[in-house]
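The same chain A turns up in both complexes below, where it pairs with chain B and then with chain C.
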Partner chain A sequence: MIWAAFSALLSHWRRHPFQLLAIVAGLALSTGLWSAVQAINAEARASYARAAAQLGQAQADHLVAEDGDIPLQTYVALRRAGWQVAPVVEGRLRLGAQWLDLMGIDLLNPPPLPLFLDDQERPAAEAPGDIAQSLLPPGQIFLHPEMAADIGQPADGPGIIASAAVPRGVAIADIALASRLLQRPDGLSRLILLSPEAQDLPPIDSIAPGLRRIAAREAAGATERLTDSFHLNLTAFGLLSFAVGLFIVQGSVGLALEQRRGLFRTLRSLGVPLSTLVALLAAELVLIALCAALAGLVLGYAVAAALLPDVSATLSGLYGASVEGSLTLRPGWILSGLIMALAGSLVAGARAIHRLWRLPILRAPATGARGQQARRGFHLAALAGLGLLVAAAATLALFEGLLAGFAFLGGLMLGVALLLPMLLSTMLTLGAKTARGAVSEWLWADTRAQLPGLSLALMALLLALAANVGVGTMVSSFRLTFTGWLDQRLAAEIYVTVDSDDTGAAFSRWIAAQPGARALPIRWHELRHRNAPLRIYGILDDATYRRHWPLLEAMPGVWDRVADGSGVLINEQLARRHGYEPGDILILSPAWQMTVAGIYSDYGNPNGQAIVAMPMLLAQVPPPPNRQFGIRTPADETETLMLRMRDEFGLPRDSIADQASIKARSLAVFERTFVVTEALNVLTLGVAGFAMLTSLLTLWGQRLPHLAPIWAMGVTRARLARLDILRSLLLAGLTACLALPLGLALAWTLLAVINVEAFGWKLPMFLFPLDWLRLFLLALLAAALAALIPARRLARLSPSDLLKVFANEK
Partner chain B sequence: MRNSLSLLHLLRAALAALLLAPVPALAQGFAGLGTDAAGFAVPEHGTVLTFPRDHGPHPEYRIEWWYLTANLKSEDGRDYGIQWTLFRSALAPEERPGWDSPQIWMGHAALTTEEAHYHSERLARGGIGQAGVTADPFAAWIDDWQMQALGDGIDRLDLSANGPEFSYRLHLQAKGPLVLHGEDGYSVKSASGQASYYYSQPRYRVEGTVNLPSGPVQVTGQAWLDREWSSQPLEADQTGWDWFSLSFDTGDKLMGFILRGGTGDFTSGTWIDPSGTATPLPPGTFAAAPLAFSKVAGRSIPTRWQVSLPERGLTATVEALNPQAWMGTSFPYWEGPVRISGSHHGLGYLEMTGYAPE
Partner chain C sequence: MVLKISDVTKSYTSGATEMPILRGVSLELEAGTSLALTGDSGSGKSTLLHLAAALEDFDSGEISVSGTLLSGLDEAGRAALRRRQVSLVFQQFNLIPSLSVGSNLSLHARLGQCRDRTWEQQLVDRLGLAPLLDRFPEQLSGGQQQRVAIGRAMALRPALLLADEPTGNLDETSSEAVLGLMLDLLRDSRTALFMVTHSRAIADRLDRQMRLSNGLVA
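Entry: the complex of A and B
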């Protein structure tokens, strides 16, 4: 009996395969996007954890200096007092064309066993036979095998050793070599506390005052905190796609129920209890959801695998975090995808099943003027939406942080979406007043009447369009700002890196002798400021900086202050992190304090940065490397000067670059950064278009009783079809108009709230009306395409079908 | 001598151990020790050792050590042994300041009872002050392990070291003169003439405290300090050694060693009478033969020996206080206190290297 009823229910899908496809595709699409995002996040998190574990830092506490480096003598004093600590010196290193995080460790203490072993903890085949080679000049640098392959074996200098134990983006060397490369013979970045701690040791404070102990969890969390914003961003996108996808399911499930009312009536009349019927329908839904979820997981895996290389590039570009380029199946995101699909389809189907529960056994298919009935629903939704908007605004006003930013975004989007039916209904009522003639009046009224059935699809469209406007505006504004900033920042015509300080000195002298050319040395020293790395650059007083450097805020006479050694410029990230303003005092070390003279924008850099006059830098820190230069030269002499430099100093191709090629490289990195965002954007819009289509198809069956009388009054089927498309266009157009302000609000939030929290910089907002127009047309196109199938069906409908409507009327 | 297998070798092996978890095969002699001494100074016959200067390090030589062992007794009559060793190994024949120093230091410390053996290891490089030796006033240290003179020379020393489960703090007082081995401290190590500089202070009175997991124990006893440095002490085919430092109840002392090699063992040593007068033993006169083996760390190691020196009427059994006195350091070896019985009675230390895992 039950089986017979169940197969009777399922037979519906045999006759309506497209409906089944819509449900499965909608659910699979949304599950796919969701699990793709989860898979990417899981992969990235696993990469961070692996990196931390590989560096042996996962379980160990750290000691850092409050400001600046830890003096070498402090380390020795701690060791001689019995504290088992391991020294680490860190900085950035350029290898070939790449910048890497160089981590210098004492290879003797503790012996870094994994460095010399492969994945299976066997001795690595390519490991050197003698650790002495790592300790003695020229030394050896250990790199992730992929990076080692990229960089190759240099002709001279330190050898490159591939080791699977090294995370991507990191170079490990013995501390002797690292200190030489970073030119910090007497300073350490931090100390790792090794276990076990011996008993009866004098307290660290009494041996080395001014050191701060950082718990292992905190130390390992630094990268995570930075990258959290990115993952939160992706999660938000995943949720958005999922929500949009659910609208499709909701529409299709509603349709399937609507169409099977006759069947339900028959089954009930044959004695199937209502509870059994509902249970069977729920089982059917779960079955479909499971199939769709599996398809979604496959899809999600494919999407994640396709996007991961770009995500990896983004993360390393923005945060210096390294993520492996390959994807593994993890139970976490698979489970999350399955649960989301099941829960989502049950939520989407709940309303339909609830309706069935209350269905009078003999009631005919819906024929009522549903528009009027739905009014009250609109009002309730609008009230909820308003409440959400108020809550969102309050969140932004009361709380700080990335999560508050995203909460505001969520509230804003959902709030406006809930307001949408009410707004559209009001607009249609107003529109009806402009109507001339019977057909026109009917069109307005009928459009409004269809609103309840379409409202969810329209909400999906609104969200997708707004996300497109918002994210598009954000990316384009960022791109415009970034390009302008590159123009300012990369003012020198040529950038050169030489391989030693001696060559650097010779190079300076040689440039000084070239007519019309002058060298701007790029020298820096890295220290720690309030427990984060801070790189201090020294600059010469040059018109290039005065004219081009992108200052956001400055004291009067800012460049004179920097030139005379009294002022320091800091980047926006540092200023925002600690609330520095021009005029504040910046304490770089106990003996080195300076006035903040100005704040400059510094995009694409997660860390703090400062600029002082070169003499000031040289007076305060051990001589920093003198190997990088910007060269100013008349534009038409750039080519020849570059050629002569190459000849004179035998510079390899990648250590000399002109402005244009650096700009191109930077922009390429920038573009890659947003590939993922834009891909998700397009996919979301696609899902929204699909939601429109399924909603219109759902309505199709219910439309005949409305259309038949109009047809009977003499309006041709072709005209009715055209009017249907027109109605669809009207609704999409109105929704698009409403999506624009929402999208701009979204863009503002991304630029002024999320960016500041996530990256530490605020971006100006630019408007791109042409993009809006493109999107508006795209929305209309989607609506027209979605309406086309039902319209074509209407146009070809046999008159007998329309007549049947009257025959069935009870 | 002892450890003729030497620091360089130890260190090379230690470093190799980092690369190849188990110690590499020892078949080729210990890690090329006997092959070349390019750039490093080589011991020369006729050189006069000068003190306190030669208590300090000789960075132009490849290897060097400050090697102290002590046989101790608690008030309740239990026997203990301790080891305190600082090795120096030069990757280049010079000292440079800071991290660039090519001088590598390795400390080994151990505490042995009849039931247990605790050991610990430290590694550091010279140049930054974490480890090193000064001649006058004498001090040798690595991290918080110290061997520090009170006053001139090395007659009075404070000694301390620790590991996760043990520590000791001892005071040493010399009761006799320094002993120069071989010819005035020039000690030959093979038939073809490889040599090292080698002197000892074999007669310290010791008192102090050893700390076991069960608590502190007051101890007294005797200690023996070896000082040796060289650049090329081994023949290429010498694969390991057995080294004895024995103190007899008569007041006589014997240092004897066997260098095991493919072309026959090389044995030598020094007899030291109660006044401190040292007599070098001609190669081949000192003999030692294993009587019983123990299973230690997957190896079969002789922990009971028959030692004989006919010219002194010595025929004695030397037996380990604790056969499991295994130094599981980056380069592993056996080192522990021994008891002597037979024609002579007494206590001493035994070191054995180059026994391959089975």
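Entry: the complex of A and C
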């Protein structure tokens, strides 16, 4: 009996193959985008974990200073007290054209890093080389083979050793060499605890009261925490795409149930119990979901593989986090894709199954009062939507943090989506009042009558359009702000990097002798502030800064305060992270405290940064490298001066750049950062367009009884087809109008809430009406394309098919 | 002459097989008169009605409605003829579910741009539709829906009313009431009625009867 009933149920799909295609495609698309995002996230996290493991961060606890470096004496005191600790010096180092994270460790007594432990198991090509050579001048630096190949072997200075055990973006050297290269002879960045559970030793607090102990797991997750916001953003986009795809599934499953009411009634009258019928329907759904999920996983893999290089570039540009390797099949995201597809299809089909459960045995396949049911449904959905909006607003008001921001966004988007059918119905009712003539009155009324069937697709379109407006406004606002900020920040006409401090000193003297030109040295020292890296720049008192530097908040006489050494400028990230305001005291080290004189914007940098007067910096820290300069010169002399610099100091081409090329490079990095976001944006809009198409095509069979009488009364099929396209345009246009305010609300949330939580900076919001117009036209185009196939079919429909409506054959 | 059908043939093809439906049917219908077309299922009754309504093409012969030859019309011309000269009433009522009863009633006349509000009001009164005007078709009984369908057809003041089993979905009492109303309205408007029916009783109430058998007038 079960097989006979099941095959009868499945026979529906032979007659309606497109409906089946719509469900499979909708689910495959949504699973695909979701899986792609999960695959990318899994790959990135695996990469962070691998890097942390290779650097030994996952194996041992660490000691760090709350502010500044750990003095060498503290390390010595701990060792004398019997604590087994390994010193580490860390900082940014420029090798060739690349910036790297240099990690200096004691190679004579190395901490238990995989780099040094796995020699026996590692092929010779990957081995770290002869450690003894690293201790002798000029020393050696270990790099990942790809980075070593990029940088090459320098003519003088430390040798480069390639080792596959070193993560990308990291350089490892003996601590003595690292201290010298980083100009930090007396300070240590952290200490690795090699014997954490020593019972008979004096407590660390008593020997080194300023140190904080960080658990291994916490240290290993530092990169992951830093990039969490980015991955959460991607997950939110994946979820949005998944929701949009589910709308397709729900619409198609609902319609398939509607069309099989007669079959259900017949099967039940033939003795199939209701419970069996419901179970068979659920089994059918699971079967379809599994097929679709497999297709979705293949699609997800392809999308993830295509996007991974851009994600990697984004993470590197935004956080300095390196994602290496190619995409691998991981059980985590495969399972998550399967579960999402199954759970999603069951959620999408739950209403249909529930309706079947409650269906009276003799209920006719198509009974009346469908319109009233739809209107009741709209009211219920609108109430749920209002509830969600209130809950979203309450979440934002009561809670803080990235998750609260995303919860607000989710509530806002879903709330307005649920309100959409009611809003559209009201707008169509109002529009009908303006109708002149029978055809236009019928068009308005018929459009309203089609709403129940199209509402899910329109919700998907609303979400996709709002996401486009929101994310587009965010990216464009960011681009505008970033461009203006670059103009302020990169005020010097030329930027130069020389190869040594001696050349730097000579270069300064040479520039001072050039008429009309002056050098602004770019010198910095990195220390730790509240357990995070903080880079402190020293600047000369120059009109360039006073005129151009992008200050967000400042005390009166801010530049005088910086110049006389009483004030420090900090970036927005540092200020927001720790709640600093102008007038607050910033403790850079126990002996170095300054008043925050101002806060400046600093986009594209996740870390804290501060600016003090150059004499103040030189007085407080070991002399920082003096190798980078901004050069002010009359604009028309830039080219000549650059040529003369090259001749005079033999500077290679990549050591000298004019303002325009640096800006172009920065903007290129910026654009690449949003490639992934915009790709997901376009894909989501594509899924929404597909939702429209599948809805219109699956509704096709139900349309004929509405169209045939009008045709019989003298409206040609061609005109009906044109009116059908017009109807789609009308609905898409109205939806686009409603998507605009929702998109702007989304943009505001992204700029003022999510960005602040995720990156530490708040951006002003700009409006881009031309972009809206373009998107509006794109929505109309998508709707017209979606309506084109059904309309063409209608225009070519034979009269005998329409006449079947009157013979009750449809 | 409102309707003149001369030696009309029509076949359908199913795969490679051609199935003749009408094999040379002729008839004439004057203004203000009525004709009942009876016959077994599959005899070609509905097809002949559809041909007269310019809903389908015929293979040979000629049909004229109010002097207009259908063979010379393209689709736009046929649609224009249906908008202004011909009304249809079907067994399934085929009202527009998205429009109110009032809008359904006036729809055809407005499409034909010949709305007569006084006549429309008379129809409303005579068909007893006044309390139903703001309702939607799904809120009406079968008899009420068919009264609206007749009102919609008659609001046009068509030259020719084509009805395909108009009371087939109604019980005996409703059927009698609806038919009485329809014939009263036809008498007053001088509209010619061409009705397809299985019912001998209904056929007996019309002016003339004609029986189709295997595509031929019996």
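Some points to look at:
Following the convention adopted for this analysis, the second predicted complex is superposed on the first by the 722 of 810 C-alpha atoms of A that agree within 3 Å, B and C clash if a C-alpha of one lies under 4 Å from a C-alpha of the other, contacts with A are read in each partner's own complex, and residues count from 1 in each chain.
We adopt the following convention: contacts are C-beta pairs under 8 Å (C-beta built on N, C-alpha and C of every residue); 3 or more make two chains touch, one makes a residue touch a chain.
Note that the coordinates shown come from a computational prediction; the quantities given were computed from them, not determined experimentally.
Legend: residue contacts after superposition of the two complexes on their common chain; A:L108 is shown touching chain B, with no touch to chain C. Contacts of A:S179 after superposition: chain B is touched, whereas chain C is not reached. Of the two partner chains, neither chain B nor chain C is touched by A:V347. In the superposition on chain A, A:A306 makes contact with neither chain B nor chain C. Of the two partner chains placed by the overlay, only chain B lies in contact with A:L72; chain C stays clear of it.
Of the two partner chains placed around the shared chain by superposition, chain C is the only one that A:A438 touches, whereas chain B remains out of contact. Every residue of chain A that touches chain B in the complex is listed here, in rising order: 72-73, 75-76, 79-82, 84, 106, 108-109, 111, 113, 116-117, 123, 127-132, 135-137, 174-176, 179-180, 185-186, 196, 198. Listing the residues of chain C that touch chain A in their complex gives 12, 46, 50, 53, 55-57, 75-76, 79-84, 88, 90-92, 94-99, 103, 106-108, 110-112, 136-139, 164. For chain A in complex with chain C, the touching residues are 368-372, 437-439, 441-442, 445-446, 448-449, 705-706, 708-718, 799-800, 802-803, 805-808. Within the complex, the chain B residues that touch chain A are 12, 15-16, 18-21, 91-92, 98-100, 102, 104, 123-125, 128-130, 141, 143-144, 162, 164, 330.
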